[in-house]
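Next come two complexes built around subunit A: one with subunit B, the other with subunit C.
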Partner chain A sequence: MAEVAIHAGRNPVARAAQAFFRDYLVLVMITLLVAITAIVEPKFLNPRNLVNIMRQFGPLMMVSLGMTFVIIGGFIDLSVAGIINLVAVVTISLIGPLGQVPALLAGMLIGSACGALNAAAILTSGALTQAEALFLTFGMSTVFSALALLYSGGMTMHFWDIKSSKAMFETIGAGTVGPVSVSFVIFLVVLLLLWVFQTKTTEGRAISLTGGNKTAARLSGVRILRSIFVIYVVCGLMTAVGAIVLFSRITTAAPVIGAGYETNAILSVVVGGTTLKGGKGSVLRTVMGVLLVILMSNCLDLLGVSTYLQVVTKGAILVLAIWLDNRKQV
Partner chain B sequence: MAAGGSEVILSIRDVSKSFPGVKALDRVSIDVRRGTVHGIVGENGAGKSTLMKILSGVYQKDSGTIEFDGEHVEHTTPHQSMQSGLAIIYQELNLVNTMSVGENVFLGRFKEMKGMRGTHARARELLDSIGCKVPTTRLVSELSVSEKQMVEICKALSFQSKLIIMDEPSSSLTGEEMAELVKIIRQLKEKGISIIYISHKLDEIFQFCDIVSVMRDGRVVDTKPVAEFTRNELISKMVGRTIENEYPPRPHNVGQVVMEVRSIQTHKLHDISFKLHEGEILGLVGLVGAGRTEIVRAIYGADKARGHEVLLGGKPAAIRSPRHAKDFGIGLIPEDRKLQGLILPFSVESNISMGSIRKFSRLGFIRRSLEKGIGARQVQALAIKTPSTRVAVNNLSGGNQQKVIVGRWLEISPRIFIMDEPTRGIDVGAKYEIYLLMKRIVEAGGSIILISSELPEVLHMANRVLTIFEGRITGEFQPETTPVDEIMKAALGLEGGAA
Partner chain C sequence: MTANSIGARVSGNGFGGRLYSIVMRQKAFVAIIVMLVVMLFAPTHFYTAYNLLDMLNSTSILLILSFGVTLTIVAGGCDLSIGGILVVSGILSIKLQDFLPMGAAIALAVLFGVVVGFVNGFLSVHQKTEPFIITLGMGLLLTGIAQQLTDAHPVPAKNPAFMMIGNGDFHGVPNLVIIMVVCFVLALWLMRYTQFGRNLYAIGGDYEVARYSGIPVIRTKWMAFVISGGCAALAGVLLSAKLNTGSSIYGDLTALVVNCGVVVGGTSFAGGIGGIPQSALGLLVFGMLDNVMNMLAIPSYYQVLLKGAVIVAIIWLDCFAQKRKREFV
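After this line comes the complex of A and B, so read on.
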């Protein structure tokens, strides 16, 4: 902590600049990334590529926004991959028999139930640390994935196999309102709701307090157990929304389509600047984090970087983000 | 009384040590002679453990000299001091539970012992030498506390220790185990090994110590052969201090009973029942670990307790969680300000407002203007020194941090205020302000349960004192009229607790 103070010095301009870089490093990185890629590969600014990016970030955005609450609450959820698998195969299979709206609601319900199950496992076992939650939700993820495989029999389900109307899902996946995609409109609405929830409601505050210091919050009469329940249900629900946006876009649902979403979501939240220590963060930061992660893979794709190397880059960025986060603490 | 040889094995001269805001040791001088048992007594916070940590090399002294076995000790590490023949056996024994007795004795020195066979053979010899029958191959996790202590002693002997320091060794021993330990201590003494014996328990001091040093407020106030002390003299030397204007005048506002607690039972507490009156400051006095914090946590619903009843204003109150307690008008200032009281990276404002969210919200939505008002009001009312209410609370001094917690609770106007070590680690001026706040609270009709390891604080502020020893209430006193020694005796579990 002394170091930071020394670097900042007495100069208010230097200090302000440092604070800006610390808080908005991700914005700086996005700008740099866009600038460099646009110069090296002008195709990047092609309208078609931009629309593509808009479509791409939908599913990860939804999952990451849900994950933001879990991380602000001082916990973590590795089960989102399993939830995506389960929600995707179940929802798509219900479109035919139940109709579109019931299928959609059922999917969201299943996601919330999975989150509630996570919370119940954590609360009843008393595993109230982030590390314990990490292992617990990792275990739950395999359970959800296995259920998805059992349910689907390992088969990939396609839109074209559904005989009844699936227009609503097709609109979610590929529709546009004027120049923007429908999924982008959904994103804006969801973001507004979550932002209000996080910053303006007492429950949002209770989540931050719980994440900041569980013991102190509890001794001050904050209902921390309820907050823990809420964060996992919100995460489960948002993951379900993400799963629906995802299979609507690619028009198929395999029982393994969620693979990798847990790391990408955590990466987006942390890169956005929400601390893994809990307490502080925001859904708006996560939007920037997701943008960076999606732009990065898009740019690396355009630049012809191999997939393996892209994974390495992502891992390195996650480590860097956590490292920076720890440096700025205290 | 065997005074042993006259040769000085350890000479501590004018050793001082300061921590930010506290003078932990103030020119301490102690001579320990070869083959003697030297007792060190003193209240919590008198400086005993700081002194031990300097001897073992955990802390570095600020000034003064230490001479051990004829050599100056300057910058030492725990390992070096062990090698030079100075061993410390801590209260919370330092053994590896998953390893065998023999392995623990020679931890990290198996090569010197020529492998495991040599290790076990040598450990056997050492154990036999103090009359301990435990097999060297048994796992430490299977031993009783006293057996573990013997393993620690063997470890000390294996380093050819000339001085063994025992920090409150008896705190977890039964009577028989204690007799065993006394026997071993006498044997060690005959071998010419010196022992520093730190304890609260005066019986033990009188039983087998040769010389006693009394510490108080970081100073050694007296060192004499134990036979020249009377028990009462020892107690009054431990507690008696001269105080001018450290405390505001004691408030006198005691009224009707506001809370009655009936028979709290946990694995640590036994049948705790008491009453608290309106406008009263009730002090809970006892050693660290006697169960004071457990009592208030049980009342507050922070820990689970069985079958007890809390009556508030004559009506039973089912307090099952801190939230319930808050709803019943009870506030808690927890023992550990930084870990249990505050969210350090959060602002002063949100640390104040977190107890009264309901007050500044409507239909589940926060009203920021009201919250800002709450923060600003308490900062002003309590004169909390902070550049603004938006500053992170970890930038504040200890005293101001404590005021933030007080402010949090004042906002819900609690009837009962539980304060667990409210002045720990804050400077004298800030302490006085906290005392004034306490006075203001009771003058406004609130009641306070005060827990403090600083006996004078309780004695000066409380209207009534309960002494707690090993989970039981051992006495009830009026601190204004009762001699300090009597309260101290009850808190130490000695006779004379007029219950």
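After this line comes the complex of A and C, so read on.
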């Protein structure tokens, strides 16, 4: 009888609790983090700090949402840093000569094209494993970054150098609608679109199937090559949106502005609970993951932890999250 | 008879077919030949003993890194944490000299790499997580530790003897090259002539078959990660000795470049194929490319572009060749 008592699995309540903790560990962690920081440092709940957190939602969230599709599809994309570099410098330089809306569209087009190029490299070579895709997209990232350096000549471009109107980008970066920032509204709209795309459309479901089991997906009539193409284009597009939000907020674009985004995006997606094995996950989980990453750096800032130790913490959490994610499968 | 059959075989595959298979198998070798030929026609000081030795000297740290990584890739894994281990152990070897004699500091720095390799092995082999992603996370963690240790400033070494390890020479041959050659011979012996090395190939070829054949798969593959960590730490110490400083920035892309270089040489991510000489060739491609581009005075941004293009092209070829193989099977 003692053995039965130890086995929490037999008890429905305990089993439900166990399942909840396993699936929503990130929510528990967010709650704990907020509670502890709020007690130790009451400044955390200051409205200005909360607005600040909302602002930070922008770039990393967009990139992570795009990355979610790649990871659900069973792949990985290290080229987002290169895409951010390229899109940022090209878009900001086009605001003057082309005007705002064409520049915005051009930026998104370049991002999608970079994603399509990734997909083309992967599909033509048949690099259908995650490791191969990782190294291909790393090489691509180097190429995109080099193009960004060549295009900008290594110079940082500033908003104040642009003579024509740039009101739209200033609104994206710093505008507010009532109490919430414009970038937060953009995030909500994009999230809704992507959530509908992922859960309600054939193409979105096909991505999950492809990630779950390529052979089974192919045999049941899913066009897996098309799915792979779609995930990389979506990731490129979302990365471009992230790049635009990023340079609008900081009002400058350097050709190295995207460094580190690839690991942070993967971190957010995995911490949110989308499994690296592919097939399972959702954009809503990624939102929680990003929330945790942003809250963590905000809390650590408030608690006076150095930037470098924050990198250590992020790395540790990434390793821990991957390890737990893997154990969940067993 | 034999001449006939050989002739028939040649014509059967066609000259193009044979060339294709050679290029596919010896991508790195072909790339090196191309560079050597190009440099024949360029009016530079490329073909001088000094330059060639210098090239080998500056590539030797990457080569030492690659020997460890080759073990993990042959066993069907890979190690992206070497960049982190490289910088942290380099910094440790300098910082520890404040309290300890030089030998002990170096030994502890290498031990650090071994411990990280042990943890990598535990997570990726014993716990069966994806090695490339877990080691990427480990690399991030270690980079943070390196920045914290140095406050992101370079740390100068104070001991002239330490600097001599990285910059001295023995009858004109740089110390680094000698250490690299010793590592090369050791790694070659390990992979070719020991049971451990042959087991690694078996594990990379087919993990389950190796397990059923009675090979201690977990212990063997785990050991590959430990050795890789040790090699990376040794390389870190040598890098610090060469530059006479420890800094957190050198590891940035090293891990990915070294892993790519190993694949460029012909060791495949599929596991079970490749070896130490191939990896050495693969890394030499990158070392020579750097040297050649500098000699030809190519602007630095174009160098980055060219390097990225080479990485993409060669990984693409590697995957493409495997796809053909997979279709045949």
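The working rule: the second predicted complex is superposed on the first by the 321 of 330 C-alpha atoms of A that agree within 3 Å, B and C clash if a C-alpha of one lies under 4 Å from a C-alpha of the other, contacts with A are read in each partner's own complex, and residues count from 1 in each chain.
Going forward, a residue touches a chain if its C-beta (ideal position, glycine included) is under 8 Å from a C-beta of that chain, and two chains touch if they have at least 3 such contacts.
Being a predicted model, the structure only gives us computed values, none of them experimental.
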{"item": "More subunit A residues in contact [subunit B versus subunit C]", "value": "C"}
{"item": "First, second, both or neither for A:212, with subunit B first and subunit C second", "value": "first"}
{"item": "First, second, both or neither for A:315, with subunit B first and subunit C second", "value": "second"}
{"item": "Touching partner for A:327 - first (subunit B), second (subunit C), both, neither", "value": "second"}
{"item": "First, second, both or neither for A:223, with subunit B first and subunit C second", "value": "first"}
{"item": "Partner chain(s) touched by A:160 [first = subunit B, second = subunit C, both, neither]", "value": "neither"}
{"item": "Footprint of subunit C on subunit A - complex, ascending", "value": "76, 121, 124-127, 129-132, 134-136, 138-143, 145-147, 149-150, 154, 263, 266-267, 276, 306-316, 318-319, 322-323, 326-327"}
{"item": "Residues of subunit A that touch subunit B when the two form their complex", "value": "200-206, 208-209, 212-213, 215-223, 279-280, 329-330"}
{"item": "List of subunit C residues in touch with subunit A within their complex", "value": "78, 123, 127-130, 132-134, 136-145, 147-148, 151-152, 253, 256, 259-260, 263, 269, 301-302, 304-305, 307-309, 311-312, 315-320, 322-323, 326"}
{"item": "Residue numbers on subunit B that touch subunit A, as the complex places them", "value": "300, 302, 321-323, 325-327, 332, 334, 339-346, 350, 354-355, 357-358, 361, 364-366, 394, 408"}
